[in-house]
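Structures follow.
Next come two complexes built around chain A: one with chain B, the other with chain C.
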Partner chain A sequence: MNIMDHAVDLPVWAAILVSFFLVVGSGLTLIGTIGFSRLPSFYERIHAPTLGTSWGTGGIVMASMIFFTVLATRPVIHEILIGIFVTVTTPVTLMLLARAALHRDRAEGNPDVLAEVSPDEPKSGPALGE
Partner chain B sequence: MLPYPLLSASLVIMWLALNGFTLGHLILGCIVAVFASWGMASLRPAKPRLKKWYLLPKLVGIVLYDIVRSNIAVASIILGGHKRKFKSGFITVPLDVESPMALAVLAVVVTSTPGTAWLEYNSLNRTVLIHVLDLVDEAEWQTLIKGRYEALLMEIFE
Partner chain C sequence: MSQTILAVSLTFAQVCLAIAMALAALRMSRGPRAQDRVLALDTLYVNSMLLLMVFGIRTGKDIYFEASLVIGMLGFVATVALAKFLMRGEVIE
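And then the complex of A and B:
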């Protein structure tokens, strides 16, 4: 709260830079959520939130780092940890969801999935139970 | 004392970044880092070998650039509306990397790049199933992943 009162002291160049990254980051996250609700199939939908977890997070983190670095006149970089942890943990949940969906689609014999996976199917067949 | 020096150093830096750069937190952070690396050692994970660590910044640079490009590509697909010009699909990419560490990094790279999602790695025939949002040419994606990321990862880790 207190530091927000000092936001008026922010130089113009920093304010422009911070707003730019904030708009880019939150805009990409918004586009990701729009895609998440609009894309037709599960495998297409898993791509949309990665906008939010890549440069969506990245842009907001950059804006935060610039804002607090300029205000505190010392480097404030701990936000980068958020970016690292989000990036490193995303594949875990994605693989969990995607493999569950793959398993279900294969078990149900879903034509969309099976038709496209089929070249790989005879080979990967025995490995499914691993 | 320090089975994983890199891990301990990262923990100390993280502790200082979160709590402030003071002598007290340096000491506290070092104690935490030592105990955490002992805990890690008792789990006995395979020790990753970074052969050419100086190539890591190059990899990070390439990946950040590619993520920017594919962010723009995926955003334009989503905003493109109902006219579905893109066709998504699965591709299988045969991989030569075997080191678990390199595979994990490759999974992070492929997943955090919008438009490609790492679905499952088949360790028997060493292929990975990837879903691509805007699939034009399967061979093009295979050469992109193998040439752009895998070659560099093999240099770094194997």
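And then the complex of A and C:
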């Protein structure tokens, strides 16, 4: 275990806190990816990996921040850059991807997705989710 | 004591993230359609970013933080470009 020699000064409470956030973050990432590989349709699958980008990234970033802050005895918060970056970019990428998939399904006339409703005519037919 | 707790939880986190990356790679090879493969690539990027942060805690070095920041940015750009390609058939019009 000599690779962990830099952590020999870490108090037990900090080790427990870091371990808690690590286990929560990585476990939720694994659960999200299991959902991603098991859910039946693309529009359901696109929800699952966001578990890894919200709580997964948050937990591991928090663990890293606590670990380096306690070890250095000064605030080390540059990991929060990754948290902010992932939080900002994930909705953008997933919205773009979902719009692209919807565009492709509509162009093929796939019966599983609703046709586009033009904004000036009143909505008719079943609402989304029925 | 604290080393033992940390070693166990770090190993657990690494195993979890490795299994998650394997599942994402499985979905990327299985498809069935192009958007599934792009989403699987995005998941793979996020998981490898998290795995590098766990490596950073395990070794106590700063360099892994920078590597994971670079991977996160590359993943964002790659997924946006691929989604644009799926939508339009070309990346830059």
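Methods note: the second predicted complex is superposed on the first by the 110 of 130 C-alpha atoms of A that agree within 3 Å, B and C clash if a C-alpha of one lies under 4 Å from a C-alpha of the other, contacts with A are read in each partner's own complex, and residues count from 1 in each chain.
Just so we're on the same page, a residue touches a chain if its C-beta (ideal position, glycine included) is under 8 Å from a C-beta of that chain, and two chains touch if they have at least 3 such contacts.
Just so you know, these numbers come straight off a predicted model, no measurement behind them.
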Query = Does chain B (first) or chain C (second) touch A:26, or do both, or does neither?
reply = second
Query = Now for A:44: first (chain B), second (chain C), both, or neither, which partner does it touch?
reply = first
Query = Which holds for A:99: it touches chain B only (first), chain C only (second), both, or neither?
reply = both
Message = With both complexes overlaid on chain A, does A:53 touch chain B (first), chain C (second), both or neither?
response = both
Touch count on chain A, higher of chain B and chain C = C
Ask   = Which holds for A:87: it touches chain B only (first), chain C only (second), both, or neither?
value = first
Message = Quick check for you: in the superposed arrangement, does A:34 touch first (chain B), second (chain C), both or neither?
response = both
Inquiry  = Quick check for you: in the superposed arrangement, does A:78 touch first (chain B), second (chain C), both or neither?
reply    = both
Note = Residue overlap on chain A between the chain B interface and the chain C interface 32, 34, 46, 53, 78, 81, 99
Task = Enumerate the contact residues on chain A facing chain B in the complex.
result = 28, 31-32, 34-35, 38-39, 41, 43-44, 46-48, 50-51, 53-55, 58, 77-78, 81, 87-88, 90-91, 94-95, 98-99, 102, 113, 116-117, 119-120, 123-124, 126-127, 130
Query = Along chain A, where are the residues that touch chain C in the complex?
reply = 1, 3-4, 6-8, 10-12, 14-16, 18-20, 22-23, 25-27, 29-30, 32-34, 36-37, 42, 45-46, 49, 52-53, 56-57, 60-61, 63-64, 67, 71, 78-79, 81-82, 85-86, 89, 92-93, 96-97, 99-101, 103-104
Message = Quick check: in the complex, which residue numbers of chain C touch chain A?
response = 1-10, 12-14, 16-17, 19-21, 23-24, 26-27, 33-36, 38-40, 42-43, 46-47, 49-50, 53-54, 56-60, 65, 68-69, 72-73, 76, 79-80, 83-84, 86-87
Key: Residue ranges of chain B touching chain A (in the complex, touch as defined)   = 14, 17-18, 67-68, 71, 74-75, 77-79, 88-90, 92, 107-108, 111-120, 122-125, 127, 129, 131, 133
